[in-house]
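Below is one structure, written out as structure tokens; the observations come after it.
Labels run A, B, C and D following the written order; every chain starts at residue 1.
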Amino acid sequence: MELLGLYHYWVFAILLMTGFYAVVAKVNLIKKLIGLTLFQAAVFLLYISVGMVEGGDAPIFTADNADSLFSNPLPQVLILTAIVVGISTTALGLAIVVRINEVYGTIEEDEIQEIDRR
Amino acid sequence: MFYAVTIALLATMALALARAIMGPTVYDRVLAVNMIGTKTVLLMSVISFLFGRPDFLDLALVYALINFIGVLAVLEFFRVRAYDRSGDSEADGS
Amino acid sequence: MNLAYLLDILSWILMTAGGFFVFVGGVGALRMPDLYTRMHAASVTDTVGPMLVVAGLLLQSGLSLPSVKLLGILFFLLLTGPTASNALASAALLAGKNPEYARRMDEPADGEKAE
Amino acid sequence: MTVVFSMFLLTLLLITAIAVVHAGNLFVAVMLSGIFSLLLALNFFLLDAADVALTEAAVGAGISTVLFLGALSLTTDREKSPSPHRLLSLAIVAVTTLAVIMGTLDKPSFGDPEAPVQVHVAPWYLETTREAIQIPNVVTAVLSSFRGYDTLGEVFVVFTAGIGVLFLIGRHSGTKPQDIGPPHGEPSGLRHYLIPRLIGRMLVPFIMLFGLYVQFHGEYGPGGGFQAGAIIAASIILYALLEGEKRALQVLPRSVLVGMISGGALLYSAVGVAGMLMGGNFLDYSVLLDDPVKGQQIGIILIEAGVGITVTGVLLSIFHAFAARGRF
């Protein structure tokens, strides 16, 4: 059980690298963007796991949890805004992909480079 | 005893996930997404009682309300694609 | 043997039954042979499962704001679940996927799916 | 027991992520990333982060699927070439994964209340929120008061991303306006699907109402401007899917959306400047009213409103930019 205490972080590591693999190895631009969102999600997960306190409560006061232990609110704040920023930047990436598709007629990276070389 | 329901819901999610990954048609995958959406709503309701924080039912309510949008978007996507490709446009996974 | 105790037992029974139906639906969605039969199995998890689970939770929460929210959740799930299934089935049918196992059944069942 | 549930969900999350990357068809990948988002929200919920789970729910369930499908319908859903350097990348990624896992071995155990992150500023935030701001949701307090600068920056990032999308695909160059829209005079939207349309129309006001509830209840429960903006945008996207994009534009025209994008960000900055004019620091709400606690509360409500307006405007503009390109 001692080692399993780090399971959340291992999941983070594997998830991060799954996203990274999609970004470096895949040729399709939309697939790369999906990989980027996986990468983002892994970072979100890391922050929230770090902020979690065993036996803690969500950091919202109610009438009857005045003196209980609370999880850390700060990572939650950072990630909350990052999720919305993440979808906006993903949309920007998708917009660029759509424009590339209009100009080059393809969204495969190697074909785009082929066209550029001509 | 909330645990029994939670375990049943988690097992069902795993089964639905298996269906989503196996396919074989895209419609099976959409069906699986929809199933997991419903399970998520139920799981969030049960867990918010498990935690003793019923005010977190808001989360389940959000999913109950807007999961539907994804399915409609898929339907619209199929409809648009049916115009684009007059032939058999059924995409298949794997 | 007071009332609260009875209500508790009833709530557990309802929730366990809900969990059972959800699980059965999940197994069906995995094991059934074609898309429409799988949809049929999955619809159990969209209707009976939520009804029983939410009914159990309602007995736990009593008369309060959470129970109003629970009723809202149940209402919207029952509204959107079958609609989504309908939309999906009609999309699949329009794309030319015919139910493979329809001929063994009666004709009205087939007509219903085309709705 | 909760930890076991959490681990199970994390394992499902991993399987989904690998399936997403492995899927050959982009549509399948988008569907699986929908599942990924649901599982991620559940994980956040189990990790005590209700606000974050609500955000992921509001963004992941509706908007991100719609955006990805919109992009797919404008490009293609087939992935053509297999990766050329698959083995090499796989080897590099495996080595890096091992390195990262090595790094985690030095971390304090999961959920340790004595970990360095937990002892530094978090107790101060919890304590000060109780005394100086007096709203129940500490996340909202930190978001909008203690870290107001940070959130202002995030709002401007969202603003910039929205403007960027509008620059890239907001105007349709090349194609004439009459080419846009469905062929053969077919009305756009799901008008022919009677049942989804009826039910969907019933849902639109409820979603919008719930969005407003999340906006104004954000001080007391999970919620706030970011979540509310996403939910309200989702309600209008639902309307656009049902009735066609043009009808949705009649409800909220592009000019209004652009006004919302800049108006929300301006409202946020104006609150900061008002604090300066009344003798405090930038984004110091204590001076807004005579009672510092009331001042903090009114400041938080105002800037949450600004955040909500900007997020709604940006997400809707992005949706319309994609929708107007194709026939989505």
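Methods note: a residue touches a chain if its C-beta (ideal position, glycine included) is under 8 Å from a C-beta of that chain, and two chains touch if they have at least 3 such contacts.
The structure presented is a predicted model; accordingly, all values stated were derived computationally and were not measured.
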Chain pair that, of all pairs, has the most C-beta pairs in contact: A-D
Computed distance of Cα centres, chain C from chain B, in Å: 13
Where chain C and chain D are represented by their mean Cα positions, the distance between them in whole Å: 29
Euclidean distance of C-alpha centroids - chain B vs chain D, Å: 19
Between chain C and chain A, distance of the C-alpha-averaged centres to the nearest whole Å: 32
Multi-partner residues of chain B (at least 2 other chains): 13, 30, 32, 53, 55-56, 58, 61, 65, 67-68, 72, 74-75, 79
Numbers and ranges of chain A residues touching at least 2 other chains: 57-58, 60, 62
Residues of chain C whose C-beta touches two or more other chains: 76, 80, 83-84, 87
Chain pairs in mutual contact under the definition given at the outset: A-B, A-D, B-C, B-D, C-D
Contact set on chain D toward chain B in their complex: 1-2, 5, 8-9, 12, 15-16, 19, 23-25, 27-28, 31-32, 34-35, 38-39, 41-42, 45-46, 50, 53-54, 57-58, 61-62, 65-66, 69, 72-73, 77-78, 182-183, 186, 189-190, 193, 196, 199-200, 203, 206-207, 210, 214, 221-223, 231, 234, 237-238, 241-242, 326-328
Contact set on chain D toward chain C in their complex: 193, 195-196, 199-200, 202-203, 206
Touching residues (chain side chain D, partner chain A) in the complex: 6-7, 10-11, 13-14, 17-18, 20-21, 26, 29-30, 33, 36, 40, 43-44, 47-52, 55-56, 59, 63-64, 67-68, 70-72, 74-76, 79-86, 89-90, 92-94, 96-97, 100-101, 104-105, 107, 109-113, 115, 117-118, 121-122, 125-126, 130, 136-139, 142-143, 147, 150-151, 154, 157-158, 161-162, 164-165, 168-169, 174, 220-222, 224, 226-227, 229-230, 311, 314-315, 318, 321-322, 325
Chain D-facing residues of chain B, complex: 3, 6, 10, 13-14, 17, 20-21, 23, 26, 29-30, 32-33, 36-37, 40, 43-44, 47, 50, 53, 55-56, 58-59, 61-63, 65-70, 72-77, 79-81, 83, 91-94
Contacting residues of chain B [partner chain C, same complex]: 1-2, 4-5, 7-9, 11-13, 15-16, 18-19, 25, 27-28, 30-32, 34-35, 38-39, 41-42, 45-46, 49, 54-55, 57-58, 60-61, 64-65, 67-68, 71-72, 74-75, 78-79, 82, 88-90
